[in-house]
Structures are given as structure tokens and as C-alpha cells.
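What follows is a set of structures for review.
The two complexes that follow have chain A in common; it is paired with chain B in the first and with chain C in the second.
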Partner chain A sequence: MENKITLAHGNGGRLMHELIEHLALKFSNKILDEMADAAEFTVGNSKIAFSTDSYVVNPLFFPGSDIGKLAVFGTVNDIAMKGAKPLYISLGLIIEEGLETSILLEISDSIKNAAKKAKVQVITGDVKVVEKGACDKIFINTSGIGIISYASKIDAKAREGDEIIINGPIAEHGLAVLNAREKLGFISNIKSDCINLNFDVERTLKASRHIHVLRDPTRGGVATVLHEIAHFSNLGIEIDEKLIPVRPRVARFCDILGFDPLYIANEGKFLCFVRRNDACRVRSAMGKDARIIGKVVRSHAKEVHLKTILGPMRILPELESDQLPRIC
Partner chain B sequence: MENKITLAHGNGGRLMHELIEHLALKFSNKILDEMADAAEFTVGNSKIAFSTDSYVVNPLFFPGSDIGKLAVFGTVNDIAMKGAKPLYISLGLIIEEGLETSILLEISDSIKNAAKKAKVQVITGDVKVVEKGACDKIFINTSGIGIISYASKIDAKAREGDEIIINGPIAEHGLAVLNAREKLGFISNIKSDCINLNFDVERTLKASRHIHVLRDPTRGGVATVLHEIAHFSNLGIEIDEKLIPVRPRVARFCDILGFDPLYIANEGKFLCFVRRNDACRVRSAMGKDARIIGKVVRSHAKEVHLKTILGPMRILPELESDQLPRIC
Partner chain C sequence: MNTIKLMEVCGTHTMAIVRAGIKKLLPAWIELVSGPGCPVCVTSERDIDAAIDIARQKDVIMTTFGDMMRVPGSTGSFEETKQKGSDIRIVYSVLDALRIAEENPKHKVVFMGVGFETTSPTVASVLKEARARKIKNFSILSNFKLIFPALRTIAGSREVQIDGFICPGHVSVITGSVPYEKIAKRYKKACVITGFEPGDILKGIEKLVRRVRDKNYGVEIEYARAVRKKGNPTAQDVLKEVFTPRGVEWRGLGVIKKSGLKLRNKYKDFDAERIFKVKRRSVLKKKGCICGEILKGLKKPADCKLFGKACTTRHPVGPCMVSSEGTCAAYYRYGK
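Now for the complex of A and B:
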């Protein structure tokens, strides 16, 4: 590993995977080794999902969302990706001395409203305050707990022949945060897609008993999540560029800045890997904007291949340096 | 509330209580309103305890402990204070760009060893990296899950006549951190008392079915926790200064610096409120250093009175300004 931690260790890409694998090996146990967005354990006859995420997004408020809403929906979604019904969250605040109380209260209201929308309760919390300069305004950690009642096993492993479906157009969250932070001066209507996915997932799960993987492509975007799944499943993935939903204004913004939307974070999208026969039914359940974007193949294991708009296939590389730090 | 957040909003004292009460009112629900160190909820026939804490201690390493060990034992202890058996923890890291990887790995080893000692598993985690200057080296959040099998209800309410027992000498953690941070130049052997209390609590609970409150006096020290319990129970508390165990070197250190050990953080102590008849048995179960330090009375509700060494009673005030920031 590198001698020092860099921003790329937090971007969802190769260095982050190396770091996390190193740590995961240290703490290795049966539950952690599944490497899912949420852990799964059993109490009595109940299967419980448990997940944690820290939110360090900058700026705190941006078109379509804010750190509070993000902290609730982000964790709600990680729980939902285990096929679980999110019920409870914890709230850990680290606040910089001097933060205006009105900002804290605005964020708290946003947390409250988001929790109401997702039908989860904040049941425990913690507040720490550090000296001015020791953190950037406010960081939020939420951990979540949900109940798994879905019969099939949702894990991190896809099966050969699975179709890959996404529930709508990509790359909006990351660009909305970037635009708000860097004051790029683009006249842009791009808003974060930040939303709770738990009810969409519930509906989706009812459409098929052969859903193998659910994942929300947040940090590192769709490309990064596909890489993780290809790697963990020891199978290949093929996606078709022209099938991937990208709004025209997002495509233009990416063109100008030289970004690839496949690597930009989403906060209201999920990918579903499902048996081919059930794909159309599942796509309908996922919503009107859902699209089948590719499939799982036996060849080129651990690699993601992209059929480009111009025709030829190319390997979609793993994310290296950090395109966009602190977008969640 | 004040216009801006100050360090005192995180010190365990009056301003922090005001802030937390304000937030708690916003998120109000039956579980949160219990205001315990850990929340309690039911799944199937099982009662589960759930708790969260962020750790921002400075420096990262200090005599007797470090941020990693603290992050595991702190959360393990919060779970234990509900009379629950801690089983699982989550690990959320917020790392400053440029942190030496060797420091991260040393902290990780400490987490691993602490988890092993407390017999809990790290089952889910998250890593965020922020730019240099956006946080101070590393902050850690842990959330914990435990199973409540103890028959009696441990809550935040004491009963009139309860005896108050502490398991050993106080104020060592806060002073150890302060001494390491400020390089005060005292030749001092004061080490943090940071330890997991889950097995001690298990043994203690077996000694009586009439334990009403368990609390670990961390931020704000023994005085602050007693205030919280007096307030929440709507009863008075009387403690006797000469019964409170303080090691001579700790007393000297406090004398020189003008600190009151009753307000200094501990990380390996717990207070037990138990029916008078069972107090001696419980004290024995709590360990050889355990001492009865006071009792719960009907008079002067919500106030803590201290019988001073010189004789007269005085009111022990609620903590106001911050004596020691970032000690956990």
C-alpha cells in the first residue's frame, strides 16, 4: 500500500478497494467477508441487516438534496440493497466549533423529513464538537437496521446469464454537488437524484424470486459497482453504452468537463441482477425509467466490457485517481 | 439556543443537554425518548440494544489506550449499560488526506485486538477520505448491537432508596489524554482506564434482580451522569466526597490544574443504582475496587448534593464551560 492515505483511497476505486480488502482481512469473519453494502446476521428467527456510512459531502446544501437527507437515504438504501426493510437509524454528528446553529437545525429538519418519508426512526445518537479547523462544518454518520423478510438470498454474487437493469438516468448526484461546490458557472438544471429506494426495492422484489444482486451505484458510479460485482462473482459483465440512460444535459456537462457519467455518483439509482426470464417483469416493477443495460457472461471473468456507441467493445477500467472528492 | 455551536455543546454539560434535548424533541419517538446510552427495540421475541458514538480524541495515542481501542470499548460499554450482551459493531472511518498508512494500520490492529477482547465482531464498515485540513487525522464512528437477555428492565430511571456504586477510582482517562496532548511536562503515571466492561456488567447483573440503572461516566464525568439520572428520575442524589475513590496521583494532578475529578471522563468505570438490600452483594460482584458512594433520595429532586470532606453539603453544579475538549 501507499505510505500515505490519498483522496483516491476514498473514491470507490482501485486504491479504496485495496485498503478495504486489507482492513477486511484484518477483521475477517463470516459476516464481514460477504462484503455487501449491509451486513446480515440472525437473532432468534429473524434475519437482520446492519449498515453504516459517514457523510462528508461539501457543500452541505446543493440542488436536490443536502447532507441530512443524504445521510438518511444513503443508509436506508444500503439496507434496502440487502432486500431488507429499513426500520431504525442512528445519528452521529461531528460538528466544527462555530457552526451556525441555524444550519444545524436546518440539517436536522431535513433528517427528520427524510426519516418520515422513508418510514424509519432515529432511535439513538451522539454529538461531538471539535475545535474550529479540526473538521469541515459537519460530518454525519448514520447506521441502519432493517429486517430481511425476502425469501431469496440477495448477496453480492451475480449468476451467469443475469440481465442487469438500472432504474433510471445516471450521474446526476455527483454533478449536482460538483456544480454547487466549484461554482462552475454553468447554467445547469442538474439536481441530485437523492431519494429513498426502499419502497421501489420492495416492489421490485415482489416481481421475481430470482433477483441475485441489488446495488446502489454511489461513489465511483455504475462502472465501479459493476467492477465489484464482476470481481466478487468471478464472472464477466457486458454493458451497452447506448442502453445506459443519461439525460442530455448530463451528457453535455460531462462532455465539457471530460467526465465519464459511468463513474459519477448516484444517490437514487439501483442496479438489479436478475434471471433473464424475469427481466422484463422486474424492469416494469423498477419504474418507468428503468432500462436493461447489459448482462453477465462466463467469459472475461472479473472484467467489465462496454459496447461503445461507435460499435467496438472496450474494457471499462477500474477507477484510479479521484474525479470528485466529497460527493457523499 | 446560542447562535453558534461551541465546544461546550459537546462536553456532556448543560449546553450539550439543551442541544440534544432540542434534537431529540425533533426526532421524538418512543425508543429515542428513553434517552439511554443505547436504544432498545424488539425483533420477533428478541430484545436488541443499538448504540452509536463518534470518536475524535486528540492525540490518537495516549498512555493506556488509543482511538481504536476507545472506539470499540466505548460502544461495547454503551451496549453493556443496557444490560445487553454486545455482539456486533460497525466501523466508520473519516480519514484526513496525508495520514500515514502505518498509523491507520496501527489503529486497525488496536481495533482488532479490542474487538477480540470484548468478543464482538466488526461486521460492516465505511471509509471516507477528506482533503488535508478538512478533518484532524482520523475520526472513528462505531455503532454497536447487543442482545438483551437480562430479565429486569435497566433504564435511565433510579428509584428512591437506591444505593449508588462505582467500580473503581475515577478521572484517569481524561487526565491521561490531557497530559499526552498538552505535553504538560508532569512526570505522571496516569494511564487511561479504557477497558471493556461487558463481562463485569454480566457478572454484576447476576448478583441482583433489582439493578435499576447502569451508566458509564464518560464525557462530563461522574457528576454529569449523576445529574442526568437525578433529572430523568425526578429524584435527588446524595454522594459523599470521602467515599469516592480517587488515586492520590490523580488527586494531586487535579489539585495542581484546578480540576474537579468528578467532572473528568472515565472509560472503564460504571455506576450501578441498586436496591439497598442488594448493594453489598452487587458491590462485591463489581470488583475489588468497587465502592458505594451515595444514595437516591426523594428530597431536592433533580439536584445532586455532595457531602464534602470538610463536612457541609453543597450542590454539585451542572458542567458549564468545557474543561477538556476531545477526550473521546
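Now for the complex of A and C:
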């Protein structure tokens, strides 16, 4: 491991995975070792999904969302990706001294509304205030639990022949935040796609009993999640560039900055790996913008390949470190 | 069929070619080699060391384009220097650097100027504005380069056998097609200026192959929706007003006469080299690294002993691996 932690250790790419694996080894147990976004375990007769996540987004408010909404939906979605129905969440706030009370109230209103929308309750919480400079305005941690009722286990392992479906166009959250944070001044109507996915997932699960993987491609984008799944499943993944939904304005924005939308964060998208026979039914259940983008194959295990617009296949590399805007 | 060897001059073309898988579509007798048109790749270690020396000074805010952050000099990169506490910020435009200067009047804000004719006119016009507004704490470390002297060097080299150039679309928007004409005529090379969509590149290759086959050496604009014969005269004028050519070192190609840009005397108060009394130290060449040969199109990444072993995108040795548009990085990521 490197001597110092860099931002690349938190971007969803390879360095972050190495760091997490390194830390997880210390606590190794059967539940943790599954390395899913939410842990799955049994209490009495109930199967439970449990997840935690911290939110440190800058700026606090950006087109389409804010840190409060993100903190609720982020955890709700992680629980939903286990096929669970999210019920309760906790709320931890770390606040930098000097934060305007009005901002805090605005964020807490946003949390309230988001919880209402996702039908979860905030049932415990904590507030800490730290010196100026010890954190950036406000950091939020949420944990949540939900009940799993889906019959078969949803884990990180895809099966050969699975079709891969995404519920809509990608890369909007990451670009909306970037445009707001860096004051790029692009006049753009790109908004974060931040939304709760629990009801969409519920509908999706009803469409097939053979859903093997559900994942929300947040940090590191779709490419990063596909890599993780190829790796855990010890199978290859093939996706088709022309089938991947990207809105034209998003594609153009990425083009200017030299970014690849496949590596940009989403907060309202999920990928579903399902048995081929059920793919069309599941796609319909996932919503009108859902698209089948690829499939799971036996060849080139642990690698993700992409069929380019012109037809040839190439490797879709793992995200190394943050995408940096280019010179020309 | 005789092999036809074409050089894509520009790093953005290299990237577009690997991303679209174009090489896999071409017959074996059309060979594409990558050229020196990645500004990050050709910035010498000496120039990076000098910039880092400035960034380490007290009260300095160094600003740079994103792709320069990880480029190793002989003593480290901007990224490493930043982790040790220096204030180095990524900007998306030189205007952002100027804004930082205005917001931080007690700091000296330096912009690491890297790029070709695409980038330098914007910087020149911002300098004009900074001068007019009498901004005192803003300066440019000029490592700007001109593409044509490098093209002439490659076209005129006996060891490099290139039949034609896939010419950079962005640079040509500024320069126009006229400067290519001399190169085409004198060195008997076909030149086609192309855009960056996969279709543009394929069309450009087709035109080049026809020209080479017919020995019809000349210049053609395939990217007509953006490039005019005379380019953008306003940008050319502002560039000439602020900068003047000088000989500079290119990583891999050595020193090329009149291939770099320095600030004119009128702008000396904005010249970081003068303000910080920059000394460029000599550095040892990295053992085994063949980036120089790769930038000239003589060798391919796979010919390098370090490629994929000692030199990876995570721990790059040479510049071609560092830049996202570098030839080695492109092959390493997509080439397997």
C-alpha cells in the first residue's frame, strides 16, 4: 500500500478496493466477507439487510439534490440492492463551527422529505460540532436496516448467460456535482439523478425469481461496478457501447472535459443481472428508460469488454485514479 | 501491398483510435503510429522540476490543468508535492487561475502553461487582460510548444519513415492548413486534418491512403466543419503579440529550434521564469525508458522492457504512460 492516503483511495477505483480489502481483512467474518453494499444476516426468523454510509459532498446543494437527500437515498438504495425493504435509518451529523443555522435547517428538511418519500423513519441520531477546519461544513452518516423477503439470495455473483439491465441514462449525478463544485460555468441543465430506488426494486423483484445481482453504480460509475461483479463472479462481462443510455448533453459535457461517462457517479440508477429468459420482463418492470446493455460470459473471466460504436471489442479498463480534465 | 505508415500527431487522436478499436478494423498494411502531440508527454522533466521548485516556495499557489498532476519530474510530481503541503490546484481554464489570483491577493499565483497552439492563444488573451487590469500577483510559467517545428523534425528524420500525417483538428482550428503545406511539399508527406469522431478518423485514414498510393503529397481538410485554410487570425495575432518563439527541450525529441514560446518583454512582469529566477537543472535519463523512440514513432510500447512491468499507469516511469492520452497509457489500458 502507498505511504499516504490520497484522494484516489476514495474514488471507487482500484486503490480504494485495495484499501477496503486491507481493512476488511482485519475484521474478517462470514457476513463481511461477502463485501456487499449492505450486510445480510438473520435475526430470529427475519432476514435483515444492514448498511452504513457517510456523505461528504461539496457543495452541499447542487442541481437536483443536496447532501441531506443524498444521505437518506444513498443508504436506502444500498439496502434495496439486497432485495430488502428499507425500514429504519440512523442519522449522525458532524458539523463545523460557523455553519449557518438556516443551512442546517434546510438540510434537515430535505432529510425529512426524503425519508417520507422512501417511507423510512429516522429512529436514532447524533450530533457533534467540531472546530473550524476539522470538517467541511457538514458531514453526514446514515445507517439503515431493512427486511429481505425475496426468495433467492441476491449477492455479488452473476451467472453465465445473465443479461445486464440498467434503469436509465448514466453519469448525471457526478457531472452535476462537478459543474457546481468547480464553478465550471457551463450553462447546463444536467441535474443529479438522486432518487430512492426501493420501490423500483420492489417492482423489479416481482418480475422474476432469477435476479442474481442488483447494484447501484455510485462512486466509480457503471464501469467500476461491472468490474467488481466480473471479479467476484469469476466470469467475463460484455457490454455494447451503443446500448448504454447517455443523454446527449451529458455525452457532450463529458467530451469537453475528456471524461468517460461509464466512470461517473450515479445516485438513482441500478444494474440488474437476471437470467436471460426473464430479461425483457424485468426490463419493463425497471421503468421506461431501462435498457439491456450487455451480458455475462464464460470467456475472459474477471475482465469487462466493450463493443465499440464501430464494432470491435476492447477492454474496459478498471478506474485507476480520478479522471482528470485534460488540456485540449 | 506495401505497408503504409501513418502518424496520428495528436494525443486526442491516439485516444480516440484505441477507444473506438480502429486498429482492429484496418488491414495489416495500414500501420498507425503515435506522434508527439500530447503536451503532457513532451514536457521535459527539467520543466516539471522547475515548476515544482516554484510550487514549493512560500505563499505560492500553483495552478495547472488536471493531466499535469501525476507527471513525474526527476524529484516527484505535482500530486506528490501537493500531498507534502504545497498549494497546487487543478484549473479547467487559465481564467480560473486568474480568478484565484484576484481572490488571493497575498499569494503569488502561477499558472503552469502547457500545450500547443490550441491552448496558448487563450492564455495570451488572459495575459492581455491581466496586464490591462494591472493584476500584480499572477504569472505564467511558459512551457508552451509549437507543433510544426516538431512535425518538421519528424518528417525530416531519416530514421522515421512516415508516409503521412493524421493532422490534429484542434490545433488546425487556430493555425489553419497553410503551415502543413511546406511540410507536405518539402518532405513528400500526405497530410489530412481530421476531427475526433471515429468516422472522422476513418475518413481521414482513407484520404491519406489514397494520397500516399497516388503519390499526391499535399494537405486536405477533412474536418471542414471546424477548420479553415487560414485558421483563426485573431488567435494567431494575440499569440504573436504576447509570445515569441524560442528553442526548447521536448521530452524524447531533444531541443528543437524555435519550437517553444516565451513571453515577450512587454509581459515580463507576468513571466514566472523571471519572477522566481528559474534554473533548469540537468537530469539523468531514466534507464530503459524508450518514450523518446515512441514519441518519434520508431518503437511501440510493447518494445519497451519496462512496459506493463516497472512502468504502469499506477506507477508510470515515462511520460507516455502518465498522460491519459499518452501512447503507452492507451496501449496499457485498452491494448490487451
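Please note the rule applied: the second predicted complex is superposed on the first by the 323 of 328 C-alpha atoms of A that agree within 3 Å, B and C clash if a C-alpha of one lies under 4 Å from a C-alpha of the other, contacts with A are read in each partner's own complex, and residues count from 1 in each chain.
What we mean here is this: a contact is a pair of C-beta atoms (placed from the backbone, for glycine too) under 8 Å apart; a residue touches a chain by one contact, two chains touch by 3 or more.
Since we're looking at a predicted model, the values are computed, not measured.
Applying the stated contact rule after C-alpha superposition, one finds that A:Thr124 touches chain B and leaves chain C untouched.
Using the contact criterion defined above for the overlaid structures, shared-chain residue A:Arg209 touches neither chain B nor chain C, since it reaches no partner.
In the superposition on chain A, A:Lys4 makes contact with both chain B and chain C. When the two structures are aligned on the shared chain, A:Ile309 is found in touch with chain C, with no touch to chain B. When the shared chain is aligned, chain B comes close enough to touch A:Gly98, but chain C does not. With both structures placed on the common chain, the touch criterion links A:Lys153 to neither chain B nor chain C. With both structures placed on the common chain, the touch criterion links A:Arg298 to neither chain B nor chain C. Once chain A of one complex is fitted onto chain A of the other, the partner contacts of A:Ser51 are limited to chain B, with no touch recorded for chain C. Legend: residue contacts after superposition of the two complexes on their common chain; A:Ile145 is shown touching chain B, with no touch to chain C.
Taking chain A as the reference chain, the count of touched residues is higher for B when chain B and chain C are set side by side. Shared interface residues of chain A (contacting chain B in one complex, chain C in the other): 4, 6, 325-326. Only residues 12, 18-22, 24-25, 39-40, 65-70, 79, 83, 90, 92, 96, 114-116, 118-119, 170, 198, 202, 313-314, 324-325, 333-336 of chain C touch chain A when the two sit together in their complex.
Contact residues of chain A toward chain C in the complex are 4, 6, 14-15, 182-184, 257-258, 308-315, 317, 320-321, 323-328. For chain B in complex with chain A, the residues that touch the partner chain are 1-11, 16, 19-20, 22-24, 26-27, 29, 31-32, 38-39, 41, 43-46, 48, 50-56, 58, 87-88, 90-102, 104-105, 108-109, 111-112, 115, 121-131, 133-136, 139, 141, 143, 145, 147, 325-326.
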